[in-house]
Every structure is written in C-alpha cells, then in structure tokens.
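Listed next: structures, encoded as structure tokens.
Look at the two complexes coming up: subunit A is in both, with subunit B in one and subunit C in the other.
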Partner chain A sequence: MAHGEFLILLGPSGCGKSTALRMIAGLDQPSSGIILIDGADVTAVEPQHRNVAMVFQSYALYPHKTVRHNIEFPLKNRRVPHDERTRRTDEAARLLGLSDLMDRRPGQLSGGQRQRVALARAIVREAEVFLMDEPLSNLDALTRVHTRAELTELHQRLGVTIIYVTHDQVEAMTMGTRIAVMDQGRLQQVGTPEEIYRTPANRFVAGFIGSPPMNLLPATLNPSSETNGLPTVWIGTACLGATSIGTGSQAQSQGHSQGPVLCGIRPEHLHRGEGPLTAQVTAIESLGHERHLHCAVQTADGPRTVVARESMDAASPAIGSEIHFGASDLHFFDPATGVRR
Partner chain B sequence: MAVDTVRAHVVSNRSSGRRRTAGRVLNYALLTGAAALVLLPIYMTLVFSLQPGAEALRFPQSLLPTSVDLSVFARVFEVSGLWRYLLNSAVVAVAITIGQVVTSIMAAYVFAEIPFRGRNLVFGGFMATLIVPTEVTLIANYDTIVSLGWLDSYRGLTVPFLATAFGTFLLRQAFMGIPRDLRDAANLDGYGHLGYLWTVAIPLARPSIAALSVFSFLLAWNQYLWPLLITNSDSNRTVQIGLRSLASANVTDFNLIFAGTVIASLPIFALLILFQKHLIRGLTSGAVKG
Partner chain C sequence: MSGPVGQPPTSKPGVQAGRTRPRHRLLSLGLLAPSVIVLTLFVAYPFGRTIWLGFYETDPFGGNRRFVGGSQFAGTLTSDEFTSSLWVTFRFTLLTVPTGLILGLVLAVLAHQRLRGMAIYRTIFSSTVATSVAVASLMFLAVLSPSVGVVNQMIRWLGGQPIYFLQSTTWALIALAAVTVWQNLGIVFIVTSAGLQSLPEDLYESARLDGAGPIRRFFSITVPLLSPTLLFGFVVLTITSFQTFGQVDLLTQGGPLRSTNLIVYSIFDTAFRSFDQGRAAAQAVVLFVILALLSFVQFQAAKRRVFYGR
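Entry: the complex of A and B
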C-alpha cells in the first residue's frame, strides 16, 4: 500500500477485516505471515511502538477525562513538552471544530462530536498510519453523510495513510482510493472503486458490490457459426447475443468459450423494452428517483429472481405482468470456482 | 358509549392508584420497622452513655435519657488509655486498608487483563479462601507470627490481613467491566499495563475501590479475636480490646462503658456517611450492564 493512500477493507460481518486491522495495530498476533510498515517488519513490535493511530467503532474515549485530556493523552506518555502538547492539541481540536468543547467529558457529547474527538486523538499523534474500524457505524444517517465528507477532506488535507474498515459499500466507494474486498478471511480483490465495480474478480465481489447487487444467472456459452466464431450467451431459451469472452487461443484450449457459465448483469444494464429475456414482475420498489423491478426469469436451472433498475420517468409495469429485457455489459464467472472469465 | 368507556377508565385508574399507594405504605412500614430494629441498640447505647450508670438497670427502660451527663465522655479518656487504643486501631485499620486496596488492585488487574496458563484455576483457588472461616487459620497464623517474633506488634496486627480475596474479586469485576477498546486505545496511545492501570483502570474503578476501602477499614476497625490473641500490652491494644478491658474494670459504671463504645464507633459512622454513595454504587457495579 502506498504512502498517503486511503485503503478500504470491505467485506461482510465476520470476514476478518477488523481482525486484519487489529493485527496491523499489533493488538492481535497473526498466526502466520509478517506485517511491514514502511519496509520494516513490525510483526513482533508492541502496539505502542508501531506509530499507528486507531479510531475505534466505539470511539474508545476515556469517560473520566475531558475532551482536552482525551486528545492530549497520547502525547503525555511520549514526554512531549507542555507547550508543544497544548499547541498540537489545540490545532487538532481546531481542525475538527472541537475548540468550544474542550472542557466537556465524552458523556456530554453527541455521537458525531465523540467521533471527532476520537479522530482528533488519532491526528494529534502524527502517526504514520491511521486505522479506522467502522468509525461511522454508530452515527445517524445524516451525520454519517456529513462525517464521510469531512473524513475525505481531512485525508486530502493531511495526506496521511488511512486503512479504513467498513461493511458499508457506499462508504467504501465514496471514500477510498483503493478497496480491498475480503470474505471468509481471504482477500478477494484489491482495486480502485471503479475497477471493483466494473470488473469484479469473482462471483463474491460481483454479488457484494452494488446496491442492488449484480444479478447472477446460470447461462450457457454456445459456439455459433453465424457470429464470426464468437460464442453466443443463452439464459434458458433466451439468446443474449454473441460475446467476445473466451476467444483467445488459451481460453479456447481450456474450453472457456463454451459450456455453462454464471452470467452477471448489473441492474442498470437490464433494459426494459424489446429484448430476448422474458420476465414476470413480482415486486416493485420505488425510491423516488429510481425504481427497482424484481422479476422472475426462467433459466436452465429453473426460475431465478433478477432486479432491474430504471428511471421513474418510464411508466411502471403492473405486478404480475410479463416484460422483456435486453442486456448489456455482461460479466462471466466460472460456475464451479466463481472466478471471472 | 364513549363517556362510559372514559368513566370506566377513570375508575380503573383510581383503583390502581389506590392499590399503588397502599403498597407504598406497606413498603415504608416494613422498612421503618426494619430500620428501627437495627437502630434501636445503637440509639440505646447513646442513651445509656448519657445518663448515670445505675439507670441502665432500671426496668422498664425509658427510651429517653432521664438526665444528661456529658462529662462521662471526658472521664472515659481519664480512666482508660482510650486515646492510645484509638490511635492503635487507626494505625492498624489504615495500614490494612491501604494494603488490601493495593494488593487487590494488583491481583485483580492480573486476573482481569493478563491471560496466563491456569489463570482461572489460580483465581478459583483465590476464591476458595473465601469459604474458609478466619477462625480456622487462627492457629496457623498465630504460629507464623510467633516464629517471626511479631507478637504484640503493629506488624503482627496488620501483615496477616494485607491481602483479601473479596477485594480481589470485587475489583476484578470492576476492571472486567471496563470496555476492551479502552485498554486497546491506551495501548496504542503508548501506555503499557502499569500506565493503563494508573491512568484509566483505577480512575474508572473508583466506586469499587472506595467501597473496598470502606469495607476493609470497617472490618479492620472492628477486629476483636486476632488483636486479643496476639497483643498483651496496652501500648499495642486496639480499641475493641480496650473496650473489653474497660468493661471488666468498671463493671458498675455502665455509662462509662457505653460512652467508650459510642466514641469507638464514631469513625465508622463518619466513614459510612461520607462514602455511602460509593459504597452502594461500588457493590452493585457490574451487577447490571450500563
């Protein structure tokens, strides 16, 4: 990970992202492997000597200390001279708009204010790496949006390296310069938010990123003489057209150009109108600016539900009615391994 | 129809309100009775100390003093070495309290925060000592004190009581109630075990520590059997033993004995009044989350 990067560790609950963060902090020991910070192996280094600062999900503010004492607490033990300590504490407080709250205790602060105190306590350290463990998850929706923007701005202003753990993909997509997607303790993909969204490395990433997530349907690739040798994609009895997937010589020799695949279609890439895919509307969700259509599609493995996203400008279909979809930007995954083809 | 419903509602409200008041009256009556039962001996001690000694033998006994004679409180200091006894008790109780609080904090922290092989077993052993009555260890402790040459000394009075399983348990619960994130945060902020203990854990466990201090002081101040066993000179006797000798020397001067008792209990009352808030909070902390 590069200096000044804002890396997001994203994954469902229990996937090991917080554990990974705690291992970087030195609070938990890895059973194997090493941890390098700035090229130095810190695996056996005590947390207090790693020069990392952490913001906890619970904020972990000391309830018996005032805001000022909470912020300057890390400096006290490092024997920073009194004047400098005060200067740095005031600076961090000013940066986060806490100057008027310095004599209050955490119990007298709102969730957002507490969160800012926790951030100030991390900033005042001037640490090499900032670790944040779901710091926004205890905030209400409005404060979360506000604090998200503040954090991004703070990262740009300070140019610090941040590792940020979240299970909220909106946070991940909007804040991170890169995202590392994790599942069951394994790293699934690392890339920019756009790469993760546009070219998911496997079935898990495809299904996890995006709201609503990508539709994954069992499909078949059939060789066709009518499409210049390109295989055609079939979902059930519907042919979605030809695809350039698996046309390389290596792919062909591995048999990737034909046979069963898992076909991924993002909800925004299902276009209602004249198309090969026939579906029956089972539910409609209106979000004000857009509409999600839940539909049953017949596949080779029986009926599957797909979600299509469309503008509210289009006339809404009736529940139970039969509609047709065309599809673009198809993704293909190996049905056995889930790896992208 | 609607009016009937409202009326029924009002009537049912009124009857449930009446039931609640009756319940409260019964509660307070029971509490007052229990309080009177506890306070009566203390009150009568005060009454007996204020009136001439012979009055204590009168039957039926009056609840108010027949006459008030405050000079008895000065006389009790003249006829006995009460000052010395009080001083001895204070030294012993303060030393035991400080010892118990310090050792309990150390042991409790280890049991709460530092994992090691067999920790639960050692803690179980610690707790098992709670079920052993003091009297059982009396002879063994006495033997040890004699072999150390600590008979009739402050050391003999204090050292056997410098550690307590109850205190360790109480503070362990308090330390375990502190969120794990605070320990981790302090760790990342550069504080090791001692730094965290001193700057975070102890301040947060203050109610429990205050409760333990009051209890330790109370038990040490009221000790009778052990000081009686190992002290034989006036210069080392504690106040409870002093009261006993006062009683045997002044069999007829009941008011003198009661005045001594009143004086000996004053520090305990002062402590209880000062710390009652901490005492209740400390003993119930950890009982419920929040």
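Entry: the complex of A and C
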C-alpha cells in the first residue's frame, strides 16, 4: 500500500482481518510469507522496533495512569527528553481536544474520550503506520458517526498511513481511500470504495457490500439472434433483455455468454412499475426516507426473496400483492466459482 | 388488570403480605442461626471471655479469680518478656513478609508465561498450600540438620563448617523464616496468579508496541494493576506472621535464648507453662489491638499507592 493511504480491512467476523493487522504489528507471527514496511522485511522484527502504532478495540489504556501519562508512555519508553515529551504530548492532546482532561484517569472518561486518548497515544509516536482494530465498535451510534468524521479529518491533516480493521461497511465506504475485502482468511478484492461497490470481484463481495446487500438470483444466459448476437438474461420465465456480457472473444471462447449464471441486482436497481420480473410482496420496511420491499420471485430453482429499495414518494404496495420490476445494472457471477463474469 | 378503575383488587394482597411476614422472619432467623451459633460459640464468646479474663488473676487451673482491673494490660506493655517477644516478631515479619510476597509474585509472573509444561510448575509452586505446618517443619528439620541435612552437606562440600541452624541465636530466626516463607509461597502464588489472569492481555500488547521492555511492563503495568492483590497478601501475611506458632513449637520452642520466642508462642508459654491465664489473656488482647492498628496503618499507607480500578 502507498504512503498516506487509508486502507480498510473489511470482512465478517472471523475472516482474519484482525489477525492480519496483528501480524503487521508483530503481535502474531505469520506461518508463511513476509511483511514489508517501507521496503524492509520486518517479519522477524519485534513489535517495539517496527515503528507502528496501534489503537485497540478496547483502547488498551492503562487504567492507573492519567491521560497525560497514557499519552506520553511511548515517548518515555523511547527516552524522549522531558521538554520534548511534554511538547509532543500537549500537541497530541490539543489536536484531539483532550487538553482539559489531562489529569483524569481513563475510568473517568466517556467512551469517545477514551478513544481519543488511544488515538493521541498513537499519534504522539509519529509512527510510520497506524493500525486500528475496530476502534469505533465500542462507541454509541451518535459518537461513532462523529468520531468517524474526526478520524477522516485527522488522516487528511496528518497525512499518515492508516490500516483500519472493521466489519462495518459504512465505516469502510466512508473512511477508506481503498478497501481490502477479506473472507475466510483470503483477500477477496482490493479497490476504491466505488470500485468495490460498482464492480464486485465475486459473489462474496457482491453479497457483503451494500445495505441491503445485492440480490443474487439464479439466471440463464441464452444466445439470441434477435439482439444482434447479444445473449439475453432469463430469470425463471422472465426475460430481462440483452446483455453485453461475454461478448469479448476470450469470454466467448470460454463459453461465458451462455448457460447458467448468478445474476446480481442491487436493490436500488430494481424499478417497480412495468417490467418483466413478476414478484409478490412479502414484507415492507419503512426507513422514513426510503422503503425496502421484500418480494418473492420465481426462478428456475424455485422462489427466491429479493429486496427492492424505493423512495417513500411512491405509493406503497399492499403486502401479498403482485408487482412488476424492471432491472438495470446487472452483475453476473459464475454459479460454481462465484467469480465475476 | 380487569375490573373497574379505582376499585380495590379482590385478592387483598396487603392482608396476604401481612400473614407471610412473620413466616419470612422466622425463615430468615432459621437460615441465619447456624452461622450465628457457630460465630457466637467459637468467636464472640472466646473473644469476650479473653477480654474478661484479662481483668482477673487466677490460680494455675483458671479458678480462684481475683479482679485486678487493667493492671495486667498495663503490665503486658511494660514487661520485658512481652516487648522482647514483640521485637522478635517484628524482625520475623520483616524477614518473612517481603520475601514471601516478592518470591510468590516473581514465581507467578514466571509461571504466567504461555510455555509448554507450565501447568506442572504451577502445581509445584502452589503445592505448599496443601502442606501442614507440622510436615513443613519436619521437612526443614531434616533439610537443616547439622549432620544429615542437605544444606549442611553442601556447606561441607564447599569446604565450610556445618551450621547449627536451629541451635544458633543468629540462625534460628532465619531458619524459622525460611520454613514460613516456603509455607506461604503457595497461597501468595495462587492469589497473585489469579490476579495476573485478570489483567487484560491487550494492555501488555499495547505496551510492547509502545516500546516497553519486560522490566518496564512489570513495574508500569503488572505491579500497579496487581496492587490490591499485593496489599491483600501483605496484610494477610503480616497477620499470619504475627500469629506464627506451629513452627516455633516444633523446631525451637522459642529458643535458643528466646531468640525465636514469637509473640503467640510467648502467650502460650504464659498460659500453659507458667499457668498464668489472666496475664496470657491480657497479652492476647494487646496483640489483637496491635494487629488491628497495624492493618489499619497498612491500609491507610497503601491508599495512595493501590489502584482499585477507577
């Protein structure tokens, strides 16, 4: 990753993102492979000599030390002279709005304040890389939104390199310059938030990113002479029209332009009204500004639930009623491997 | 609730509660009774009886009581025998408490490492808690024996003269302290190990990343966060060292030349060898007051240095 980047490691619980972060920190040893920081192999280097700072999920503040002593602890260990230490501690505290809390202990602070002390302790080090392990997960929803913005601003102001672990895709999409999606210990896709959202590399990324997630339906691509040779997409007995997928010569030679596929449709790309896809409304969720329609759609493998997102301006359908959808921006994945076509 | 608003409920809960209250009281008294009886018989009564006895002079069998007021309490504080025993006990406490506490803590920290086979060491280190004073004393009697003891054999092997540990005024108290430290090691180890288990791992990981070496981590994190446990150990060890009796009785009987005449042994001597039960009772009460004051002072002195979690 590049210097000054804000990389998010995103994935479900147990996917290995925290382990990856701990290996970068030196707290866990990789069973194979090497870790490079600034071109140097640090795989065998002790954590204290890697020049990385870490913010833990629990903040890991020393409960018996005051805020000041917490922040200056890394500097004390590195024998930074007293005056310099005080200056840097005060500067970090000022940057994070902690100047008035310097004599308090962590137990006397709110969750948000503790989180800021942990951040101050990390930035006072002036480390090469900042590692953050779900630092917002212990905060209430409102403080989380606030701190999210503060973190982004801090990253822009200090221009530091951050690797940030989260399972919260909103955090990932709003904060990261790039996102690395992980699942079952494997890297699934690395890209900008927009790339990850618009062109998910596989079925897992497609289903993981987005709220509600992308609808994935079994479909068939049929060659058609009526659509200038472009294959048509069929979900059950409904034809969604022609698609340009698999028109490249390589794709055609691999037989990608026909046969069963997994068709992905984002909820906002299902348009209610006249359309080929017939569905029965099973549930409706109103979020104030938008509405999520849960509907049953007939596919070749039997009925499947899809979620459509629409504006509250449209009149709500009744539960149990039959409605029709048109779909745009289709994604196709291999039904066996899950890889994007 | 059904029924018209404002009407009293038909089941009359107030009357029911009134009926059950005395039954609750009886039940609670019944449940309390065993502990109240045991405490009264074995703690409160002997304690009150001892204080009461301190005001009387008696014959060797505890009969023919004569009220002497507070003179035996005053006499205790001015008696050479009592003050010399107290001084020996202070020295004994200084020898056993810090050593026991530091040794137990160091062993607990070492055994806290995640290494293979550590459970064996944990069992060994905590096993002394299951050893009685008698067994510990006999073991040390054998170990410190001038003729066949392993310590003296080593001294001889190194070219030295054997040391009569339990017969020497210089060594006897140290030998008693060694037995006591060894015996206390188990409980200190268990208590500090339990304390160590409760310390969050991520504090140590964070400290490692912050550049703190093992010694800095020990003094900056382990010791302050374990301070309540260490204070507990400190107070308990101090009290038990003031109450030491078995080792003295089995190994030195207070000798040689009263050099190991610890306070409880001295009180026992007064009561059952000099048969002066009144004076022994007064000494016991004075010891109680000294221990209470000592514990209070320990807690007060440690207040600023002990971190209780906020």
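Simple rule for what comes next: the second predicted complex is superposed on the first by the 341 of 341 C-alpha atoms of A that agree within 3 Å, B and C clash if a C-alpha of one lies under 4 Å from a C-alpha of the other, contacts with A are read in each partner's own complex, and residues count from 1 in each chain.
Here is the rule we use: a contact is a pair of C-beta atoms (placed from the backbone, for glycine too) under 8 Å apart; a residue touches a chain by one contact, two chains touch by 3 or more.
All values derive from a computational prediction rather than experimental measurement.
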- [ ] Have a look at subunit B and subunit C on subunit A after the superposition and call it: clash or fit.
- [x] clash
- [ ] Go through the superposed model and pick first if A:Arg105 touches only subunit B, second if only subunit C, both, or neither.
- [x] second
TODO: With the two complexes superposed on chain A, say which partner A:Leu27 touches: subunit B (first), subunit C (second), both, or neither.
DONE: both
Open item on the list: Considering only the contact definition stated at the top, list the common interface residues of subunit A for subunit B and subunit C.
Closed with: 25-27, 47-48, 52-54, 56, 58, 60, 62-64, 73-74, 77-78, 121, 125
Task: Complex interface listing, subunit B residues touching subunit A - done: 179, 181-182, 184-192, 195, 199-200, 203-204
Open item on the list: Taking the touch rule as given, give the residues of subunit A at its contact with subunit B in the complex, in rising order.
Closed with: 22, 25-27, 47-48, 52-54, 56-58, 60, 62-64, 73-74, 77-78, 121, 125
TODO: Quick one: which bits of subunit C touch subunit A in the complex? Just the residue numbers, please.
DONE: 200, 202-203, 205-213, 216, 220-221, 224-225, 307, 309-310
- [ ] Show which residues of subunit A lie in contact with subunit C when the two form their complex.
- [x] 25-27, 46-48, 52-54, 56, 58, 60, 62-64, 73-74, 77-78, 105, 107-108, 121, 125
